[in-house]
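Letters A, B, C and D mark the chains as written, and numbering starts fresh at 1 in each.
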Amino acid sequence: MKVGLLTGGGDCPGLNAVIRAIVQRIVSEGGSCVGIPEGWRGLIQGMSRPLDPSETDGIIARGGTILGASRTNPFKFAERDVPALRAHARDLGHALVAIGGDDTLSVAYRLYSMYQMPIVGIPKTIDNDLRVTDFTFGFDTAINIVTEAVDRLRTTAESHRRIMVVETMGRHAGWIACFAGIATAADYILVPEVPIDMPHLIEVLKRRRRDGKNYGIVIVSEGARFPDRDNFTLDEEPDPFGNVRLGGIGTAVAHAIEKQTGFETRCVVLGHLQRGGPPSACDRVLATRLGLAASHLIIQRRFGTLVVLSAGKIIEAPLDESVAATKTLDLTYYDEAAAFFRR
Amino acid sequence: MKVGLLTGGGDCPGLNAVIRAIVQRIVSEGGSCVGIPEGWRGLIQGMSRPLDPSETDGIIARGGTILGASRTNPFKFAERDVPALRAHARDLGHALVAIGGDDTLSVAYRLYSMYQMPIVGIPKTIDNDLRVTDFTFGFDTAINIVTEAVDRLRTTAESHRRIMVVETMGRHAGWIACFAGIATAADYILVPEVPIDMPHLIEVLKRRRRDGKNYGIVIVSEGARFPDRDNFTLDEEPDPFGNVRLGGIGTAVAHAIEKQTGFETRCVVLGHLQRGGPPSACDRVLATRLGLAASHLIIQRRFGTLVVLSAGKIIEAPLDESVAATKTLDLTYYDEAAAFFRR
Amino acid sequence: MKVGLLTGGGDCPGLNAVIRAIVQRIVSEGGSCVGIPEGWRGLIQGMSRPLDPSETDGIIARGGTILGASRTNPFKFAERDVPALRAHARDLGHALVAIGGDDTLSVAYRLYSMYQMPIVGIPKTIDNDLRVTDFTFGFDTAINIVTEAVDRLRTTAESHRRIMVVETMGRHAGWIACFAGIATAADYILVPEVPIDMPHLIEVLKRRRRDGKNYGIVIVSEGARFPDRDNFTLDEEPDPFGNVRLGGIGTAVAHAIEKQTGFETRCVVLGHLQRGGPPSACDRVLATRLGLAASHLIIQRRFGTLVVLSAGKIIEAPLDESVAATKTLDLTYYDEAAAFFRR
Amino acid sequence: MKVGLLTGGGDCPGLNAVIRAIVQRIVSEGGSCVGIPEGWRGLIQGMSRPLDPSETDGIIARGGTILGASRTNPFKFAERDVPALRAHARDLGHALVAIGGDDTLSVAYRLYSMYQMPIVGIPKTIDNDLRVTDFTFGFDTAINIVTEAVDRLRTTAESHRRIMVVETMGRHAGWIACFAGIATAADYILVPEVPIDMPHLIEVLKRRRRDGKNYGIVIVSEGARFPDRDNFTLDEEPDPFGNVRLGGIGTAVAHAIEKQTGFETRCVVLGHLQRGGPPSACDRVLATRLGLAASHLIIQRRFGTLVVLSAGKIIEAPLDESVAATKTLDLTYYDEAAAFFRR
């Protein structure tokens, strides 16, 4: 048995742990693995390279993906790209593991349902916003990075009596901001799921100052929004680079706080720092378990499936249109976080 | 309402997050909190100090417990200590939160069942071996520390073609060793739940060397045991200090490996490093949620209860004799880990 | 003997180590210490609080300054503020230790030379750009933070074949960018001391791609400048918050690289992350040594002095106008760094 | 020009930075490099492998040595090994860079002086105890690891009112213990250069308890010794593994403290943790500068030389018998450290 592996979408700590688990398992069962570089683009172009178990020794501790990733979607230019992709997949081997987010998995679903390609999917996103699974690997690493960053910023905020606004990832869901906000005892947390209540935020920060605490921490999801866009006056133009969002929501919130309270306020945009570096222990365990479960499905030739985390167990799920569904922040968590600032 | 807080048993990252959550919530509901230093000993001796919300600002990031802890059990000298404890508890206020492991919670259960003391319990152990709850805070921090340590040791092991044996905490259960072993792609994992199969361990290490990998990592729970004590020949005498276990199981395993393979082998005992320092994001979130839930029970005067994690939710459980039950490692995890070395 | 301590200017890891050293030494010699909050502003307003050795236990590991800091300059409104400051200084005690950068130390020099105030100065700046001393504490912590951040960014850059531009602190001098650039094997380093040679930067990045390396790291000092401002087209407007420099030089460089090479490029601005959190071992040692030496000068009543690092030794220097002199990057270091990209 | 590189003795963070610097420089000057695995053993056995610049991309952040190391000394079995070594060296190329400690460099010196082998040496030791250079790379990383470990242990020590004894590396010199002791505000520091004064240590710990500080930190170099071996009663037998020193000096000191004060005392032996993992920024810079300077000497064919750090500059030194000289701890540092516990 020959298994092809590809990683699509943004990189995420834990991808290499998945790759290692699959390669080691498949090879120990007598099969072999090849890596397809750069996601679906690699498969369209017929790129591949052997993946040997000895090569995967030690990669569990490395961020990123040794395969490289891309956001190429073969259905964008379907007439040109899909036939090429299918031909290369046939040449390549007996099964394909696609590790990716909603886009990558949606392509996998279409390839499976339209052409019965022998695919097993593994969900991945740093944002934890996939409906199909309870938690995604990469998320725990991200909240640890944000937490450590905010711990650092706390001492400088305190020394200078500043409000520190920290913008985290999370375009569509507030998971990272909410969990990191709880973990850092943030004074306020802004998420896409709850429109920004600027008067309340200001009131909370002023009350804190009255209570003798001369500094504050506000965590903002990059996807948080003012209810009325009119008061989002700073830097409306699009960001040419994506990650450093010029005049993004963090900067706008910081600007508004400083203007309305007179407190010295600074914004830090964590950006790409949140997705790099060694995965946390917990993410490595989850990624490894998913890789093992996917290997098992491949060995059993149970294609058109997905491996997901459900109530602590790794289970099989169908590779269907549900892979595209977004899971916004469970507001139970936000209510827990808000218990500290709502009164 | 006046609430007393105490922390018992070994310290654990996340204790201060619990304390912070309770103090902030109780005070924002109009109540007040006092801290009882050094666990049950403090209550027996009538020690206490006010806990102000402003004092708990920022402690979420600190390891240990600002209250101090002890292993004192008031029922050891019950005639002398229990009446004193009860009198002080009455003076102290309206409710007590006891944060601790099986010992601390067993005392809490007896005080509640015998004397109807108004107690709410919060389970805590770095070893994750309490039956009443799915996961305990402190555990995630511990496995991250072990993982980071093994990542460090990997480069030195590789440079010197050594086998590195790393002894982790876990006297009664292999949770830390198993999770950290998965997270570090250890070549073998030894836990109390599975007797040491020395011939198999040796075979795995030799096979790895034949495969061209000249170094290896073995993770050993401090509670792992040889099936036949006769081959545990090294350093039988008791350790006078507890943590640095002279000739502990890690050293014995390292000794046996070196003797039976000729591979240069070293042992590192991580000991107390595993319980200190800033809690991980995940542990801070869990501890905060438990603190919030406990505050809620106190406000509702639902005493004789425990707050626990069950399938991702914080729920109420009875404070009964089940608090003493040990949860050994779920062997599903060990089987997943062993998929890489069993064949 | 009663000694007043104040910290001025931006905060810097190591300030608490200085404070601890002085308090412990002065008290063990039979003296006492008071802390003056918020730099010169605190002294103008007559604020102070006792500093007890027991309070300084453990602060060596904490970033920021327990005294708080400000950028208030008493000579700005000299007629109003200087007499107030002098009166409070007299009330306060026998000696003053001023820990700060060029501004804080210039004030100290003027107060000493004009009014013979009994002052000892300690130089401090995260940027390492003070002429009076070889290295300043805070610098080593800053370069470690940048290095760890770039290590993280490397895996994500590699996975996505991106150029990653990292903007560091260093408005007037390229110390941080140069040292962190060497430490991270950056592909190019831009510093204020050397005008940006955009054609050469582009050539280096293209050559690297031809050599099969599909990603790159560029480190940019916030003070780096294009020789011709005309090509600095992005975001000319001033940044309302200071630290997150909207359309700062990092973003401009990233923009230019992407435009001229077609390589996907991202910018990360590290900002305040570089000054917070636990000091490195080396910074704690340097700060402690400076604190001890300053205590010694105070005990000997050698006022109008400064303690500095010179060829590995802590020596006494005069508190004179030289404290304002900037030390730009020693180009020997830049040449060493450039050995990897210049040919 | 073809240059062979080898690393000897114990591994040390920064070795890969040296290798990278040399490979990149030599290749950019038109030469080529080969790596000799496992120190002198590799050269005796004629092992070698090409070292390509592309392979050295990113290794600057990795601990250990990609070449592997050994403690083999060709002069031990000189008649057999030296001719083999010389023959292989001739085959190999035009120059040899030997990176190592006193043993490795002594061999290099003998090979150069006896046979005029074209060698350049680079000093390396984590212990910082080489007379020929001011500071060695690896040392800064080691003290940062010890410092971070002690920061962790502080919270657990405080929670349990314990004395924590931390044993560091340093068999012949107290550099690591002294610097880490200053950086962690240790209550006492024991080094090989100063015989242990147990009564004074006990007095300091008791005084601290009287001052209301219920815990303590003692840092002990593995080479520290009691003046009278008779009171070293614990575990006299030799350690079969070397690094985890069963009943080493740390344990003996902990035992003595507990016995003489009644304070609960624990010992943690950091062992191999101190030499693994990513090098600090400062060590990477130093190692890179040494690698560049060595490349320069090779290009100029200035053999029989050594590159060393002297007053902040990298300079050339002769490869002579001085490479074997030990540099014990400069007692100026110890006196500074002791200012906090001597009175």
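Keep in mind that, in the parts below, a contact is a pair of C-beta atoms (placed from the backbone, for glycine too) under 8 Å apart; a residue touches a chain by one contact, two chains touch by 3 or more.
Everything numeric here is computed off the predicted structure, so don't read it as measured data.
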Work out which chains are contact partners of both chain C and chain D.
none
Please name the chain that ends up farthest from chain A once chain centres are defined by their CA atoms averaged.
D
In angstrom, rounded to a whole number, how far apart do the mean CA points of chain A and chain B lie?
30
Distance-wise, how many Å sit between the C-alpha centres of chain A and chain D, to the nearest whole number?
40
In whole angstrom, the CA-centroid distance of chain B from chain D equals 34
Where does chain D touch two or more other chains at once, residue-wise?
148, 151, 154, 158
For this assembly, give the contact graph shape among line, ring, star, complete and other.
ring
Chain pairs satisfying touch are A-B, A-C, B-D, C-D
In the complex with chain D, residue positions of chain C that touch it:
17, 20-21, 24-25, 28, 53-54, 57-58, 60-61, 134, 140, 143-144, 146-148, 151, 154, 158, 179-180, 182-185, 211-213, 278, 280-282, 284-285, 288-289, 292, 311-312, 336, 339-340, 343
Going by the contact rule set out above, which residues of chain B touch chain D in the complex?
7, 10-11, 15, 38, 62-65, 68-70, 145, 148-149, 151-156, 158-161, 164, 214, 234-235, 240-244, 246-247, 250-251, 254-255, 258, 265-269, 271-273, 275-277
